[in-house]
Each structure stands twice: as structure tokens, then as C-alpha cells.
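You will see two complexes here that share chain A, one where it goes with chain B and one where it goes with chain C.
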Partner chain A sequence: MIELIKQEPGYLLADLQIDEANLAVADQFKTELIGLLDNYQRKIVLSLHQVNYIDSSFLGALVAGLKHAIAQKHDIILVGLKKDIRDLLTLIRLDKVFKIYDNYTEATSAL
Partner chain B sequence: MLQTHVIKKILLVDDNVLFLKMLSRAFEKAGFACTTCESAAAAIDYLRKETTDAILSDYQMPEMDGLEFRRYVLSQPALQNIPFIFLTNFSDQDVMTKGLDLQAVDYVLKDTPVNVIVSKLNNLIETFSKQRELSELEIKKAVSALNIKSVPQSAPQIKGYEINFWHQSFQDIPGGDFIDFITVTDRFSFIVLGDVMGKKWMAWFLSFSFLSYVRAAVRFGVLSEEYSPASILQKVNQIICYDEALKDILSSLSLLMIDHEANKVVYAGAGDLPVVHYNAKAKTVSTLNSSGLLLGLFPTATYDEIEVELEDGDQLFIFTDGMIDYSAGEETKTDYKKFVDRLQHIATPENSFIKLKDYILSQQAAAQVDDCSIIHLYKAPEKL
Partner chain C sequence: MGLVNVSYEIRTSEKMSFTMLEDMLTLIKNNVSGHKHIDDVIFKSKYILTEMLTNAIKHDHGSSRIKIEIANNILRFVKTDTGKPLTLPKAGDINGNATIVTADTMHILYTNKQAEKIFFYCKENVDAIVMNHRLPEHFGLLIITKAADEFFYAYNAEEQCNTFSASIYLSD
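Here is the complex of A and B:
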């Protein structure tokens, strides 16, 4: 579900390979995300460019992952959000909680 | 709940391309949507992105065989309950015994006539969904016997206002949305709309914890003459963040306080969708944008509040995210702006709740993908 694209000393680049991010995949996503944080102990730049829809169950899993990362003094940075999804995150103020960039290059140069 | 005809999706996995083609043609003819994969690896890749109603897999395949594929499916919580059928040869008897340990629901011999395979799979999907319905029915009966509800039966009468709401749970199973109306004194009333992130029973169960904290915070506030919605949200958020039982559980909340004496409504939001305000005089809609974060996110989060003086005919629309989600063909979409545009067309200086309800019901047939709740507050003109 989460494909590891690149490992760098300070961060991981990862790609979420899901079209509809909903309740059916939320638990598995959370387990994989927390697994990556625990195994690699570094920030994760996660691309959502394949995701066309995201529901509140999945957002809950994403935020749970972020809280886990913050507790480890790391972070989850989101990139490649489609307009609908970015708009939703802004509407419910999750844009204040996640760092959001257009792409990996922008995100990594800001790290 | 309105029933819709949904095309059943099945996944066929076999390294024999000809057999795959023959099977998929027969299934498509019978009204199924078929996806074919020539290896277990390709099937796993497909299942990472898509869902299916049933899996029909060959046993003997190079590299990952059917049994290993079945083990993978069972190891994935999101996939383990999908009906799974093995396609076998007579010589695979031994395999069939092994497969029993892997909860394979059925076996079909490869030389079975195709129409028999189709009807066998059809029956299996039906039996599965009936079993699911039955167990849900049992829980529904138990819940109804307990007489606990996260949504009231009807809206209260509040002086000077007309309040209505509409709520539909996802697939007719109670979910994470919760609604409450609390009249604390002659002067102050509260409107509560929340949405615990998640769906169905788990979210429904947790919604009571959130609702209890909100009710308690409102009542404790009254005891110390503290009626500020922002301050109530701040307290509720802190308690939730420190409650171990609610670890990693988040909820949005819209909290409105109606002050009858000062003729104003004060709104505070936590990760909720902006409330829509219809101005009857200008016949325009605008949004009330709060800056508060979801409840349960950070204990130090602060909340702000917005004061609105409602004139006669003015209206507020408070709703959860299910209202802005809809299905478009096979895709699910979220569009807040589209829904607000709709409200602009629906709202009139008279009470527009009936028009709103008609619109919602006309959209429901194929569209609902989550719990949907909307509360409508109408400032009624004073009767002469």
C-alpha cells in the first residue's frame, strides 16, 4: 500500500498506492505507516498523487500516524495532493497540522 | 435506506490465459464486472488499490501458488472476509484438504461447466451478504433494546427559531455522527453536531464518549455561568486528549450557542466544515470559518468563536462531511463548494428546510458514501 521510493539519512520518500483512501484500507495504512516510522526513525515525505478520494476514517489513520511521528520527534509531510483533497484538508484545518508541498523536490528542499 | 443495484466485482486469478478469457466472458455475460490477473503477484498488486466482491483463484500457478496467495489474503484485515474460491483439478485433492485450514470457502473443479461456476459464485456472494445482514440485524436489535441514540428523535422547540435536522446513517448502520440540542436556561440553548472519524459501529460506540463529554462540559459551564462555545470546546478537547480510552480517536464538532436575550448565535468549530449562513435580506450565502482543530489532536489546541446576529429569515446550515461526498460513476468525490452553491439556490427568506430535504433525498439514491447529517436553524419572523 505504501511504496518506499527512496531512503535518505534524514527522510524517506514514500508513495501511497491507493485510489480511494477509505475505511477499508485505513487500518492497514496506519499499520504500514507506523511500521515505517518505527523501522526507519526518520521523517516521511508521503505522496498522495494517486489518491482521488479520502474519507474521514482514512484521515483519522493519517493523523494517528502524524501523532506517532511527532512523539518520536519526526514528521509526516504530504505531497502531490489532488485539488479536491487539498481543499478538504484546508476546510477542516488539517493544512495547519501537516506540512504540505506540491512535490518531493519542494518538500525535501524545505527539510 | 435506499437500495441501489450494484454490479458485483470479481477477481479471477489464473496463469492460463485462455481459461481466464473464457471465464471472464461468461461472468461478464452474467452481469459481473471482471478483473483478470495472470499471477498471484498481479492480483496482490490489484488488491492494494481496488476492492472486489469475490476472488476465484487457480491453485497451481508458477511462483506464488494459490495456497500462498490465500495466506496473503487472510493476512490482510481489509481482504480476509472476501469470499474466496479455489479452482482445482481432480489431482489436487490433497491441496483441497490443506486449503480447508485456510478458510477457503469453496472449491470448483476446473472442468465444471462455466454456467455452474457462475451460479456457484453468485450463490456464495449472496450467502455472504445475507450472513452479514443477519449479524448486523442482531446488533441493531440489541441497540434498539438498549434505547440509546446518538441522534435525537426530533428537534426541540426554541423560542424565536425553527430548528430542523436530517440524518441518514451509512448503509443504515449507526455511525460516528452525533447530534444534540441542549436547552440549559430560558436564555441559552446549545446545538451540537459532531462526527467521530470512522464509520459504522466502532465510530457509533465512540460517539457516546464524545457526546457525554460535550454534554458534561456544557452543564459544568452553566454551573459557573460560562457559556462560551470556544471555552467549552477547549475543555472538551483537553479531556479527550488525556483520555487513554480515546487515544487516536478524533472528532469534528460544531457547537452553537443561541443567546435568546442578546439575540445572537455564537459558533465555535473543531475541524468541522464551515457553517453556511444565509442572509435573507441580501439573499446570499457566506461561510463561517472557524480555526479550531479536530478534537483529540493536541491538548494545547485553542478555539475561537464567531458571533452572528441573525435577522428574520436568516438561516444557518451546519453539516458533516457525508453531505459533501457523492459517487460519480465508479468514483467517489468530495465537493464542499458544490454543496454550498446548492444551498444558495435552495435557501429562501421563508423556512427552506423542506426544499433542502427534497434536494437531499433526490441526491441520495446512488450517492451516499458516509453518514450524512445536516442541521438547519431558521430565524423565524416574529408573528404579529
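Here is the complex of A and C:
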């Protein structure tokens, strides 16, 4: 589900390869995300550019992953969000919790 | 804007149906196409319906129905099911007449009971968000509360029926 695109000393670039980010895949996503954090011990820049649908279960898994990263003094940065998904994060103020950029280049420039 | 009253059956224990979601959104687009904030209406409808569909699959025993109504400048989504009644946590009171459901670094979600209906409301915390292990992980009720202009829950004990009703006002 999460493909590792690039591994750098300070961060990973990763791509979420699903169209529908929902209850059915939330647990698996959380396990994979936490696995990446534990194995690589660095920030993750996660692209959601393939995601067209997202629900609260998946957002909960995403925040659980962020909390794991915070506990490790790392971070999860989101890129490539479709407009309505970004608007949803804004609606429930998750745009204040996650760093969000348009693409990998913008995100890595800010790291 | 046309009058709409269409009901969809959602069988539980099924995979989330995004085809059904798209059908619902197409129905809304076709009937509120003249609204000046059509994009906002569709955005809010998408996430209210997504959460109602997720709730149907996650919590219910048996089947659920989601009805979409457009009448009197109100777009209303009504989900009914015969699962267990909703149990809300109680995190405190506001001035003695509202019950806090959740309170976290970002929001206070609270309810106010009027007759047999439990209305949901939300306040944003003005303080800086604290980034720690207490960040919330449950957003379903919050999304519907913030996306809808009115959101309530009711339980009919005689018919053992849960009703969630979320409305978007179209008058602007």
C-alpha cells in the first residue's frame, strides 16, 4: 500500500498507492506507516496524489501514525492532496497538525 | 432546484461503495446545479455521505438506508438503521444544558437535547494546537457536524430505529 520512493539520510519519500483510503484499509495503512517509522527512524514525506476518497477511519490512522512520529521526534509531511481532501483537512483543522505541501520538491525544500 | 426524495439501501459488512457515493453526488449535482456555491455543497455532501456510509458499514447490524431529500431550500441526508442505539461519551457540561462529547486541542464537540433529538455542535479551540499523544483520532461525528448546517441524532425505541439527519441550507 505504501511504496518507498526514495531514502535520504533525513527523510523518506513515500507514495500511498490507493484510490480509496477508508475503513477497509485503515488498519493496514497504520501498520505499514508505523513500520516505516520504526525501521527507518526518520521523517516521512507521504504523497496522497492517488487518493480520491478518504474517510474518518483513515484520517484516524494517519493521525495515529503522526503521533507515533512525534513520539520519535520525527514527522509525517503530506503532499499531493486532491483539492477536496485538502479542504476536508482544513475543515477539521488537520491542516494545522500536518505540514502540507503541493509536491515532494516543495516539501523537501522546507525540511 | 428540483424536489428530490431518493432512498438507498446499504447492506452492512460490505465494502464501501464509492459507486453509490458517486451516484448520490450526481443526483445532488443534477438538482442543485443552479446554486452559486455548488462546489461547496458538493464538497460537504461528499463527506457527510462518506461518513454515513462508513458508519453503516462499521457499526450496524442488518441494513441501513440513506435518504437524500431536497425541498424548501434544504438538502437533507437521513440515515436510518436498526443497530444498537448510539452511546455518546460524556466529557463534561457547558452551562448545565449542553453535554460535551469530546474535548481536545482542536475542538469541543457537544450536544444539546431538544425533545427527542440530540443536536451536535462544535467549537474550535482558540489556543495553539498541542502536538502530542492526545491528538484526536476519531473524526466521523466532527466531520458531519462541521460540514452540515444542522445535524441531529434520534432513537425511536418502539421501532428500535436510529436516525442521523444532516442538513445543508441552500438558501444562500
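To be clear about the criterion, the second predicted complex is superposed on the first by the 111 of 111 C-alpha atoms of A that agree within 3 Å, B and C clash if a C-alpha of one lies under 4 Å from a C-alpha of the other, contacts with A are read in each partner's own complex, and residues count from 1 in each chain.
We take it that contacts are C-beta pairs under 8 Å (C-beta built on N, C-alpha and C of every residue); 3 or more make two chains touch, one makes a residue touch a chain.
Worth saying up front: this structure is predicted, and the values here are computed from it rather than measured.
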Task = For A:17, decide between first (touching chain B), second (touching chain C), both and neither.
result = first
Query = Looking at the overlay, what does A:1 touch: chain B (first), chain C (second), both, or neither?
reply = first
Query = Which partner does A:28 contact after superposing on A: first (chain B), second (chain C), both, neither?
reply = first
Ask   = Touching A:57 in the superposition: chain B (first), chain C (second), both, neither?
value = both
Request  = Go through the superposed model and pick first if A:73 touches only chain B, second if only chain C, both, or neither.
outcome  = neither
Ask   = For A:84, is the partner it touches chain B (first), chain C (second), both, or none of the two (neither)?
value = both
Ask   = Which partner reaches more residues of chain A, chain B or chain C?
value = B
Key: Those residues of chain A which chain B touches in one complex and chain C touches in the other   = 20, 22-24, 53-57, 59-60, 63-64, 67, 84, 87-88, 91-93, 96-97
Query = Where on chain A is chain B touching in the complex?
reply = 1, 17-20, 22-28, 50, 52-57, 59-60, 63-64, 67, 84-85, 87-88, 91-94, 96-97
Ask   = Which positions of chain A touch chain C when the two form their complex?
value = 20, 22-24, 53-57, 59-61, 63-64, 66-67, 70-71, 84, 87-88, 91-93, 96-97
Ask   = Which residues of chain C touch chain A in the complex?
value = 15-16, 18, 21, 43, 46-47, 50-51, 54, 57-58, 106-107, 124, 129, 131-133, 135-140, 142-143, 146-147
Query = Which chain B residues qualify as touching chain A in the complex?
reply = 48-51, 76-78, 176, 195, 197-200, 203, 248-250, 252, 271-274, 291-294, 297, 321, 325, 331-337, 369-370
